[in-house]
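For reference, the structure discussed in these notes is given below.
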Amino acid sequence: ATPPDTLVQAWQSDDIISLDPAEVFEFSASEIAGNTYERLISYDIKDVSKISGQVAESWTVSPDGKTYTFKLRPNKKFASGSPITAEDVVYSLQRAVILDKSPAFILGQFGLTKDNVKDKIKQTGPLEVTLEVDKPYAPTLVLYCLGNSVASIVEKKVLVQNEKDGDYGYNWLKTHYAGSGPYIMREWKANEVLVLERNPNYDQKTPLARVIYRHIKETASQRLLLEKGDVDVARNLNPEELAAVAKNPDVKLQSGPKGTVYYLGLNQKNPNLAKPEVRLALKYLVDYSAIADTIMKNKGDVHQNFLPKGFLGAETTNPYKLDVAKAKELLAKAGLKDGFSVTMDTRSTAEITGIAQAMQATFAQAGVKLEILPMDSKQALTKYRARQHDIYIGNWGSDYQDPNSNADTFAANDNNADDAKAKPLAWRNAWDPGALTAKTRAAVMERDGAKRAQMYKELQKSVLDDGPFVVFLQQTEVAAVRKNVDNFVLGPSFSDNDVSQAKKN
Amino acid sequence: MTKPLLEVEDLRVRFHLRTGTVDAVRGVSFQLGRERLGIVGESGSGKSQTGRAILGLTPPPGEVAAKKLSFDGIDLLTASKRTLRTLRGGRISMVMQDPKYSLNPVMTIGEQIIEAYQAHAKVSRAEARDKALAMLEAVKMRDPGRVFALYPHEVSGGMGQRAMIAMMLVTDPDLLIADEPTSALDVTVSMEVLRILDELVAERGMGLIFVSHDLKLVSSFCDRVLVMYAGRVVEELEAKHLREAQHPYTRGLMNCLPTLAADVRPLPTLNRDPAWAL
Amino acid sequence: MSRGGGHVSALRSFLKKIAQFVIVLATTLLGLVAVTFFIGRVVPIDPVIAIVGDRAPAHVYARVRQELGLDLPLIQQFWIYLKKAVSGDFGNSVLTTNPVLTDIVNVFPATLELATLGTIIGTLIGIPLGVLAAVKRGTLIDQCVRVLGLIGYSIPIFWLGLMALLLFYAKLGWVEGPGRLDVTYSYMYTPVTGIVLIDTLMQGQMDAFWNAVSHVTLPACLLGYFSLAYISRMTRSFMLNELAQEYVIAARVKGLSEIRVIWRHALRNAAVPLITVIALSYAHLLEGSVLTETIFAWPGLGQYITNSLQNADMNAVLGGTLVIGAAFVVLNLMSDLLYRLLDPRTRS
Amino acid sequence: MTSAASLPQPAGFRAWLLSPEPASRWQARLGRAYLGWRTFTKNPLAVFGLCIVLLLLLVAVFANFLAPYSPIAGGDLRTARLLPPSAAHWLGTDDQARDIYSRVIYGSRITLWVVLLVSVIATPIGLLVGTVAGYLGGWVDTVLMRLTDIFLAFPRLVLALAFVAALGPGIENAIIAIAITSWPPYARIARAETLMVRNSDFIAAVKLQGASTPRIIFGHVVPLCISSVIVRVTLDMAGIILTAAGLGFLGLGAQPPMPEWGAMVATGRNYLIDQWWVAAMPGLAIFVVSLGFNLLGDGLRDVLDPKAAK
Amino acid sequence: MLDIQNLRVTYGTGRLQVDAVKDVSFQVKKGAAYGLVGESGSGKSTVLRAICGLAPISGGRVLVDGTEVKTPRDQTFYRTVQMVFQDPYASLHPRHTVDRTLAEPLAIHGEKNAEERIAQALREVGLGPSFRFRYPHQLSGGQRQRIAIARALILRPKVLLLDEPTSALDASVQAEVLNLLDELRHKMGLTYILVSHDLAVVAHLCDKLLVMRHGEGVEETTAAALRHGTASNDYTQSLIHASSGYTREVLKPAAA
């Protein structure tokens, strides 16, 4: 049994490599950052388009669309008790850009660099901060990015104290805490446990004193622990386990659609896959609904466009379904009447392998011999980034809540050469989207929301029709929660999984 | 000679093996008083199995049957395990062929003697120790105190055999079975060991069964000799009359040995008559 | 064979033994480092991606690659690693961000706890079972013991582990579930040795101690069963060997009780090779309990190494490998010493 | 030998086999084999083990006839998935709606392949290293044994994982990895045996006839070590199948949809509690086969290794 | 034929050093049989092993046919000198048939017509062709020793080194083997060195013999002298005495 004032969760957290928000990028860590830090901006979890201030009370955008001015809320405090000042905000944002860790590009895409960030982000009053971007981007894009965990507000004083060799306290913050969120990160033992504790200085005191994340790799173990009441929440159950625990009167399921889509990446370096008919044929060879209803039951819905539902301009029509005859016809047209052989790099997780095998079965119906190459995720990724795969089965989670996050990677490719610096998904699949790249770039600048939405719809249509991506699912995150737990919220992105209002009866 | 110490009548030992049944001993009968009885015969003739059967130590697949097997009036065939245990090592002992293998390699010689003694006498450790040292001295060990603390691998074959004798005689048994006690030893050393045995028999008046394949030795050492062939006793005679043996097997064994005394060339060999084994 | 004046030479031979041991340890470890290191470089996983993730821009990628020294020639990388390792710096783990040494100090006690208990259980039950089987050779008891052992050899450990968990934890509730300690007790003691049982006991936290006992029981029994399977089998065969020896017959001739013959004489001799067997099985438990650790959410060395390997966190893999290698060598040495202690023949 | 005389006289072919005076090489060899066979058959457990292994062989050969469904193509995901055992699907179906019975049947081929490949790779390596080290002694011994120790001290899974990672996943590579990690114990055994025979008179005798070192090692030493190594390999088979399963469990063994038993159990793990048959059936197959090899190994030990038999 | 000069064999180094043979010299004429007697551990076997290269020579010289032997021995040496070991149970490869055992030396030396030579070798040691395909465990001790002798003779050597060839055998079998050895020597004109601890056996086969003790040659004497009990040395005397069986009267024990 778990203590009444403590929420114990079983989850797989071996992806955490740092708790410094300037570096946090992976799922688990961003959830922790979401619950322990605050940002200038946040949005409504139920309706992402409703953007509001968190540390910022209000903001204005200059007429040329390049300067953003934020007014901070007074009386906000860090967990240490010190007030949050404009100095902290400026420090936090500059720090993220200067440290230049993996997620830094989210801010960096606005023309912020190590060298200019001190001029671009400035304190203009005790509670006022300005940010200057290089182009008149759509304001929602900028604001969503400021709502990302990389833009979390950290306490300057604490970090300065723990700074070593000008590292902005990075080496310390990786495993420590300097924020103002509802919870304090009290302890992290890699691959064992992570403990959050109530922040006494937060405006709204959390109902729970403590949240404990236990790393339980084995899902069956998670389930046993949950049903026995030794954890309150099991985070990684598979569909069958979910179906089984749902029958337990003490357990309920909680779900939230995520901004993550599952897709096949078809490498255009493979001459067969480079044929448009083949690309299209494969889109007809996936049994979308069967996968969503069985293997991925509860964990995803059929979705065929690259923008997840809930994003600006997201398209929800799903035109493709399993149609072997049509696929055969297309293959014949491509000169592959007898099908062809192709490999698929498959991460050896249960669900990806399951989906891959289901596809293998349907592909075979049209004579496409799919060979599954199981491999570790890091290995698959290494290969993917070297464009050495035939088909890659994977998922893509958007970095921030703006459509550009996905459009930029699915529909734009500035340089399709092997030695290109940027490696968007289009590049990884050696696909030159032609005019779509320019269109994507233009969409970012469109400040009229409706027009912008329309542009994304067009982009989606083009990719859906002709792109080397077979998008088939949008992820839903499901947690099995004991009945006595309330207000455990799974938000649209991983940093939105919110336990701040969770309570136990 | 009063009532015999050991009476054996129609002793049979057989082993049921995968390859068939082996009759190792087939109807051996003899009586033993307080004397030296030699058992000779070629390898595999059942000498050792006879000795072991008396002690009830026939190895597992083997089974023992006899019309009579009694020691000092005690029926060894029906005796309880407990009785057998008290007899074994207490009143009947056995000295085995090779000290290298029959002493426990991880216990000191002293310990092993003490253990044997304490298994039959309720004495303190100190007393047992004194007795053990005395025994070591009795078998002419030169430095009993030192040998007491040695491990079997640290002593020579002769010393080991003497330690073995000390261990087996520490309880003053009435009957000692010596199964080729000297075959692993040098001639000179084996003479010494035999001398010790001889003296002990003479002094304590115990019965001795001396198993050997060496006819010359048995005839010079024992009072009476049993000659075994293929599991049976083919001839029983006084040791001093060995030269006048009747059975062709015994005679053959005697003759085929080269001797210093006579240079026979070629040596006579034994022509086995299948009838002997019947 | 003379015992006088042996002190000086005894000391000298002792020193010689120590020197020999150090050389063995050093060469083994060096071999391990070399093999692991080069394996680490051929594994087709890009360690940089493990750190920077998939989305990082090219310049971040390049910088981290340089920071890791991956742009240097292989030999040079190896040399740098060796130099640092000799001074006790095994680098940092990419995954946990801690120095590898710290990590190992954290995870090794958990494994040690489990493996030690498993070995103790396996030994305490396996040896008597093996002896029993040998003494009752060919009987039903013998067959039962053998089949019990064979089952231990033949069942996938993860299957048995989950089934045991389902039965004893979920259904019967006899023991606690995965993990080393309930959260309630997690903060009732301060980790000193890292072995929860010892720490709680020393700090007098009896509730926590019993909770920890309850948690460790199942995985330890599971490992114990597997080591039992091996130990009982080897005990049986050594005992059969010893029971056929002449000195056992000699012991019987002395009129000793059967129990004494078996335990004092035969087993005492069989114990000598058994030492090596137990040490080997212990070493295997130390390295080979990844699956048990995974199922029982036991944050041990096995999981650490596997996880690191899957992320190309080669510093961590190297560190873990070295620990296991060193444990192996040390166990070898200890069994050697015990061997000497138990077998007087090896002493002179 | 007096014992032979008291034997009941065997007749016919048996007599010919058991003849104490074989007339040809073949008769001698067969006779020996027959004797071994008789020893072996006296152990009912061993015979049982042999039956299992033979069964495995037969099942592997006749998989086509025995399996009612395709091991690879699944049924309808919506209706035929995770069905419990029934008349249509004797052992139920798995998460891809495939018939588990058919998969288990076909999986026997892979298991057999694993067993074969490992023994073919690991046994010679172990034998060679062990006998050469033992026979030559000196620095060769030191170097080889140090190498063996290093491989022995290596965490098996790390080595296997690393090899699989380096060679790419797939059952063959997994097997090679397993083989590479499993030879050191064989080398040790072979060396110990070699040390025992190295100074024996019959080796001295061939030396005296001027035999070269390779001739002695391969012609005289190896045949004596091979039996204990084979026994050990057989006993290890269970462990090897399980290690392959363990690699499968970590996603590094066979490629889906190959019906490799370990991989099947690994998949079934996700359904362990409610759809128990998915993991239990291939698990049972692994268990039975490992048991078979173990029993066989025990029996072989009695036949080939007279030391252990006595 | 054989000339052993000041042979010295040392095993081990440092504390474990054993001088197994110290300064042993003797000569054997062509066609003669020479005996080595002594108690266990006196270095008899070591002398033989040193001659044929199985033990290290750390001093002195070994000459065969007037030329000093090379280390390692060459093929001609093996064709000249062969050895028969003490324990017939240990000197045959347990997995090889008689046929294979006998074929091996022929194969090593690339000899032709192996078939005939094997059959002939078996005949020479008095065994029929029915023994040819037996394994050692199908042979009795005496038969094994015959096979060992056949193996030694199959290359037609001139010198045979016999290390207690009968001590593991029963008395009756011993006689057969001794007769065989005697006969072969005369028939083939072989030179023997025979090691035994049994004076009677040595006296039976050999003309001259060396008594060894603690690695040294104590006394060289003749079989005839032994038969007459005329030994100049106390130790030899005690050996002679002991070999005549057990006597009750106490004898002055030889100083150990």
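Letters A, B, C, D and E mark the chains in the order given here, with residues in each chain numbered from 1 onward.
Keep this in mind: a contact is a pair of C-beta atoms (placed from the backbone, for glycine too) under 8 Å apart; a residue touches a chain by one contact, two chains touch by 3 or more.
A quick note: this is a predicted structure, and the numbers were derived from the prediction, not measured.
Trainee: Can you give the shortest number of steps from chain C to chain E, where adjacent chains in the path must touch?
Mentor: Minimal hop count between chain C and chain E: 2.
Trainee: Taking contacts as defined above, which has more of them, C-D or B-E?
Mentor: Spelling it out, more C-beta pairs touch across C-D than across the other pair.
Trainee: Where the CA atoms of chain C average out and where those of chain D average out, how many Å apart are those spots?
Mentor: Taking the average C-alpha coordinate of chain C and of chain D, the gap between them is 25 Å.
Trainee: On a C-alpha centroid basis, what's the spacing between chain B and chain E, in Å?
Mentor: 32
Trainee: Go ahead and note the Å separation of the Cα centroids belonging to chain A and chain C.
Mentor: 40
Trainee: Averaging over Cα atoms per chain, report the distance between chain A and chain D in Å.
Mentor: That gives a centre separation of 48 Å.
Trainee: Can you list every residue of chain D that touches 2 or more other chains, as numbers and ranges?
Mentor: Residues 1, 165, 168, 250, 269, 272-273 of chain D each touch two or more of the other chains.
Trainee: Quick check on chain A: which residues sit in contact with 2+ other chains?
Mentor: Within chain A, the residues that touch at least two other chains are 218, 220, 224, 376, 379.
Trainee: Quick check on the complex: what are the chain D residues that touch chain A?
Mentor: That would be residues 73-74, 76-78, 81-82, 95-96, 165, 168-170, 250-252, 255-257, 267, 269-275 of chain D.
Trainee: Where on chain C is chain B touching in the complex?
Mentor: Listed in rising order, the residues are 1, 137, 245-247, 249-257, 260, 264-265, 268-269, 272, 342-345, 348.
Trainee: Which chain A residues qualify as touching chain D in the complex?
Mentor: Listed in rising order, the residues are 218-220, 223-224, 238, 240-241, 243-244, 287, 290-291, 293-295, 346, 348-350, 353-354, 356-358, 360-361, 364, 371-376, 379.
Trainee: Given the complex with chain E, which residues does chain B contribute to the contact?
Mentor: 42-43, 157, 185-192, 194-195, 198, 213-217, 219-221, 252-253, 256-261, 263, 265-270
Trainee: Which residues of chain D touch chain E in the complex?
Mentor: These residues of chain D touch chain E: 1, 20-25, 27-28, 32, 200-202, 204-212, 215, 219-220, 223-224.
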